[in-house]
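Order of writing sets the labels: A, B, C and D. Residues in every chain begin at 1.
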Amino acid sequence: MRRLRMGMIGGGPGSFIGGVHRIAAELDGEIELVAGAFSADAAKSAEAGAKYGIDASRAYPSYAAMFAAEAERSDRIDFVTIATPNHVHLPAARAALSSGFAVMSDKPMTATLAEARELVRLTATAKTAYRLTYTYTGYPLVREARRMVADGTLGVIRKVVVEYSQGWLAEPVERSGTNKQAEWRSDPRRSGEGGCIGDIGVHAFNLAEFVTGRRVQAICADLNSLVAGRVLDDDCNILMRFDNGAPGVLIASQIEIGGLNGLRLRVYGDKAALDWSQELPNKLTVNYLDGRCELRRAGGGELGADAKAATRLPMGHPEGYLEAFANLYRDFAALLRGTGTAALVPAADDGLRGMALIATAVSSSRAGGGWTPLII
Amino acid sequence: MRRLRMGMIGGGPGSFIGGVHRIAAELDGEIELVAGAFSADAAKSAEAGAKYGIDASRAYPSYAAMFAAEAERSDRIDFVTIATPNHVHLPAARAALSSGFAVMSDKPMTATLAEARELVRLTATAKTAYRLTYTYTGYPLVREARRMVADGTLGVIRKVVVEYSQGWLAEPVERSGTNKQAEWRSDPRRSGEGGCIGDIGVHAFNLAEFVTGRRVQAICADLNSLVAGRVLDDDCNILMRFDNGAPGVLIASQIEIGGLNGLRLRVYGDKAALDWSQELPNKLTVNYLDGRCELRRAGGGELGADAKAATRLPMGHPEGYLEAFANLYRDFAALLRGTGTAALVPAADDGLRGMALIATAVSSSRAGGGWTPLII
Amino acid sequence: MRRLRMGMIGGGPGSFIGGVHRIAAELDGEIELVAGAFSADAAKSAEAGAKYGIDASRAYPSYAAMFAAEAERSDRIDFVTIATPNHVHLPAARAALSSGFAVMSDKPMTATLAEARELVRLTATAKTAYRLTYTYTGYPLVREARRMVADGTLGVIRKVVVEYSQGWLAEPVERSGTNKQAEWRSDPRRSGEGGCIGDIGVHAFNLAEFVTGRRVQAICADLNSLVAGRVLDDDCNILMRFDNGAPGVLIASQIEIGGLNGLRLRVYGDKAALDWSQELPNKLTVNYLDGRCELRRAGGGELGADAKAATRLPMGHPEGYLEAFANLYRDFAALLRGTGTAALVPAADDGLRGMALIATAVSSSRAGGGWTPLII
Amino acid sequence: MRRLRMGMIGGGPGSFIGGVHRIAAELDGEIELVAGAFSADAAKSAEAGAKYGIDASRAYPSYAAMFAAEAERSDRIDFVTIATPNHVHLPAARAALSSGFAVMSDKPMTATLAEARELVRLTATAKTAYRLTYTYTGYPLVREARRMVADGTLGVIRKVVVEYSQGWLAEPVERSGTNKQAEWRSDPRRSGEGGCIGDIGVHAFNLAEFVTGRRVQAICADLNSLVAGRVLDDDCNILMRFDNGAPGVLIASQIEIGGLNGLRLRVYGDKAALDWSQELPNKLTVNYLDGRCELRRAGGGELGADAKAATRLPMGHPEGYLEAFANLYRDFAALLRGTGTAALVPAADDGLRGMALIATAVSSSRAGGGWTPLII
């Protein structure tokens, strides 16, 4: 079985997520990175290509050049990964899809909700696949959580609390001149209108919907820019209302000192409740109405098929972020090969909902709070 | 030094908190329970008196009877503890203060905001002390947290997240006929207009203000009654705005299955952040802007005077809820003896603010969310 | 029901454990401290008496004086608590028992094994009760653990690991001139031949036997004095063999920096395993052969009667060391009143076994390791 | 920079560790698996080769065939990974080294101590590199721990406690007919004379020596076969003496129900102490003599160069077992390229010491305990 060939857009020098995509995609031996338009600067693109060990001729100065050249090759790439700042997501995906290349895009889907709507339309008629990397859906116990809700173990969903705590923007590091990540993520021209809400809030939102299978209908948002001089929000506190009436809370922040990458989801049903945290990603706490409290662990015999398929190692051997990420790519590879459906990998509609969250949160917050239906 | 003499109002058969007040008050050997109007039913009051080991003649059928009789004794009680359902708080406190007996009242202050305003006026002119038992302010590391904020260790307070998670009302146990606690706490005539918000939300609110020294100015509340047929709220999600502009989130629930008595406070400053949880009450996590993460533990040499004074045992010997509660009584005893100020024990104004929270939360939630200034 | 009257031997100025005994004994309102021979120095005894709030006439200069005077009173003490350094345990207990006063003694039973044998003989013929405070047997979940083993939930016991980690003797604080606790505990004339093994090793040993119901038959010990100049051991590492052939490990240390009072017990059966730690005393982790992992919590409905009886508060309200200690006193009070058997409170035989551990460990270690049958 | 070419010996159908070596080796894009003698059964070797996606012509029926064929190729393999049962380790390594291929071997080094001595001699004169995969040395915070000891942060090492807890052999699964892992690991002909001690005890032992930089001089061992009918040990409890006189304890077990892969190391110095556990591999707890307790986390700015180099992701993105394993391969690749020294990757002498542990533990335990100098 040949390895699928991946091209990358973005991920050049200074990128964090580019290297992550490379490792995650290649981890299971089903995909290899063979080409890339890593930077709009040809020299930097070549530099990244060399670092990734790809053939120099396949490090392109633009995605347009990549699509043109690759289309001519017999060993052409099978798909592209988009690992750029947000404002490039739409044009890159549009070009890829129109050239017949499948797309795995980083999140959020686009820079604006309007762009997302356009991309949803494009994917609806595209002849090839589009998926996006809400990474956290790849954790085995997140998938187990989803299954338990779907199985009715929790009963009716009554409440959801989801948090994403970071502290790396507690100071104005975007003005330090040495932090490219902070620069583009706090710049509306490249990030879109969401700062924290767009960078990590959408992850939390997607996680809540992914696990519960419920859709958020309305929110009441308080977005703040707590570091002086910052244009975009760096702190988000949101009340949510799900489509079955259940309340929810979403807290995301990039100024919570001590918050590393603290994603946590709690789902309360009328029969049981779940608690999962990325800090201990291989555990899932389940509390039942009768008082029982149990821990489920990656690799456990009691887990469902989705969680088992997402685990590579025996119990007690920690798998982490890269392995979760790799699960998305493994499923995506199966989709491209026609051996799987990638049902658990977020698709265009999930991307659109994330953009709707951003737009609605900004709108609700600017309006001084108050319940606002999700603008979609 | 003689032990101060305590009378109790409420705390009869079926009461949880009465026994707790007795243990907490007596724990340090400075107070003894000698009298009580434990129930409006004389037989039940006598039964409770016998259980507590007090002289039969001092188990009264009403607080009025107690005040009348005790006033005549040379060994009369020094103060009363009010451990009744909320609607009795005001009349009992009013009678005590007017009879010259100091008062230690359970929370919330009263059943309604109007009552609280009246009680504030009464305490302002009373010749003796009034305090109330927001228990959690008695934990050594909560007091340490307060000190660290006051010392400037955290810098400017940027954000507060406080949670109080319970699950004991996940079913309609108030209709089981066997749960007196659930009955009165979910009954507006005895609880007032707040259910969860009045029972535990006020604790969370007080904790946030106690530690940060900041006052909440406005809130945006979503109160829910998630169990069918329940009149009062059993779930509260509130966005807060502090007087320095800092955002906050308060989550309290009694339907979160698996939530035992999960009180947790996180305070984020621009220099450091604190994380305290009742589950491990003898630890306080402190994260600094430079990445350092330290644990402070009860008994540690680095702690301030307040925390040290609130600890009885060497490091590693767990102290819990009763000891925290006892710290309030110990401080209160010092106040009555004139050897201390009880500066850390919540007073009438703190009680009023809790009632304001309830009223404002109910109002904001009914109005469909939206920012509402604290009605006080 | 009148409160039982307690006299105390030891517990004078500078004592840690005296105040603990006072609080624990009085916590449930069944006992009150009314007399004491708190120090061999009459002035100090009086000082302590005043601090404890007892009548000045009942603060005696010696236990002999106390027994003589109390025997004449109609409100004489019902029992004594012995809270002295170890070398006083035997003579004080002997005098009490021969005077007809029941005894609650601190551990270890005596200073030497020979003394313990004598005390066992005395208790066998005494007309009143003798018990000793291996405090940790009082924790609700320790009692639950014992019950689960007795019920067969664990199946055959295969292995036991028990640890007691402290760090307060990591420096030669006994030579600082300001640490009375360290002074007598590291002084063979007052402590006996065991340092760490006698102070905390016996607690760990008792806990293992208490929970498993099995008896240690032989050990292989390595005792160390790791701080220069210290005479007694401050670190103990012991391999154990139980009477059913199961292996065990006991680790106790007072030089493990960061060890606060880290008592932890793990018991492995062929059907299930238990893990309990004083750091989170209200939880018990149970792992089953089929992979299930559950948490039991104080107050939970699934707990047995012993654990329920040992819990005062609803789930999630932390109870700690003082409450565990108080459980021993409450059971002891019931024994004295004839309303209970105090079956869970360690008795003379348990005390003797602790002394046997000390003697055997010292012997095994001096002999250069090797398996040594328990000298008893 | 071309990817180094790896051949694998072992790792065929049913192997757990073969796939792990593949992922770990390839994770950083510096190595690719291109050949293998995956099984002594040619069909199975071909099957594995196909699964790994290598060219059919390079799936060999024996390592001898592989070495012969690869030596003729211009794109020959650069090194081999040995991922077989223990009894094949020596002959495979011998053949590789004599053919000029570098070796990365799984642990333990060989099946017997005599074989290990021979292999040490072979590596001493070999023209190429030999290393072995004590995986846990690859964790960033294990490397940080080592650095902190080397830097003197802990002061003099006083005590070491290392544990490795598993429960997967709590039943006689080796006789189920479906567990190849259990079969060979409990079979002396393939495992050697150590069961648990050889499978995981050596990991714990190596970790203790790796971090402390101290060497164990003598041990006192108690090995047990707790499951009826099992020939090799499944439970090991060992007292240790380090070369500076410090005591230590090593506990390893495969019958501890609930033990997943619970590796934990505690190192106590006279200035500070460390606590690391694989369950939370990205954290390291450091306790200081003055009472301070701090957490160090992967990615933290305070970490030393070794830990930083071993981390790929920002703080809070969990890295796990595969990433730790990959760190060994990355260092090994640098060694082969001449751009690094692989100083942190265990070498022949470390392998020999592990075999000495096994031999000495078996000997000490059979002799009935007692201190036994390490037979080396």
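Convention: a contact is a pair of C-beta atoms (placed from the backbone, for glycine too) under 8 Å apart; a residue touches a chain by one contact, two chains touch by 3 or more.
Quick caveat: nothing in here was measured; it's all calculated off a predicted structure.
Student: Of the other chains, whose C-alpha centre is the longest way from the centre of subunit D?
Tutor: The most remote chain is B.
Student: With contacts defined as at the top, give the pair, A-C or A-D, that has more of them.
Tutor: A-D
Student: Distance-wise, how many Å sit between the C-alpha centres of subunit A and subunit B, to the nearest whole number?
Tutor: Subunit A and subunit B have C-alpha centres separated by 42 Å.
Student: At what distance in angstrom does the C-alpha mean of subunit D lie from that of subunit A?
Tutor: One centre to the other, that is 34 Å.
Student: In whole angstrom, what separates the CA-based centres of subunit A and subunit C?
Tutor: The separation of the two C-alpha centroids amounts to 54 Å.
Student: Multi-chain contacts in subunit A: which residues touch at least two other chains?
Tutor: Within subunit A, the residues that touch at least two other chains are 259, 293, 297.
Student: Which of the residues in subunit A come into contact with subunit D in the complex?
Tutor: 1-3, 16, 19-20, 22-23, 26-30, 33, 50, 52-53, 166, 168, 259-262, 278-281, 297, 299, 312-323
Student: Help me check something: in the complex, which residues belonging to subunit A touch subunit B?
Tutor: 158-159, 161, 167, 170-171, 220, 222, 224, 226, 235, 237, 239, 246-249, 251, 253, 255-259, 266, 268-273, 275, 285, 287-289, 293, 368-371
Student: Given the complex with subunit D, which residues does subunit B contribute to the contact?
Tutor: Residue positions touching the partner: 290-297, 300-302, 315.
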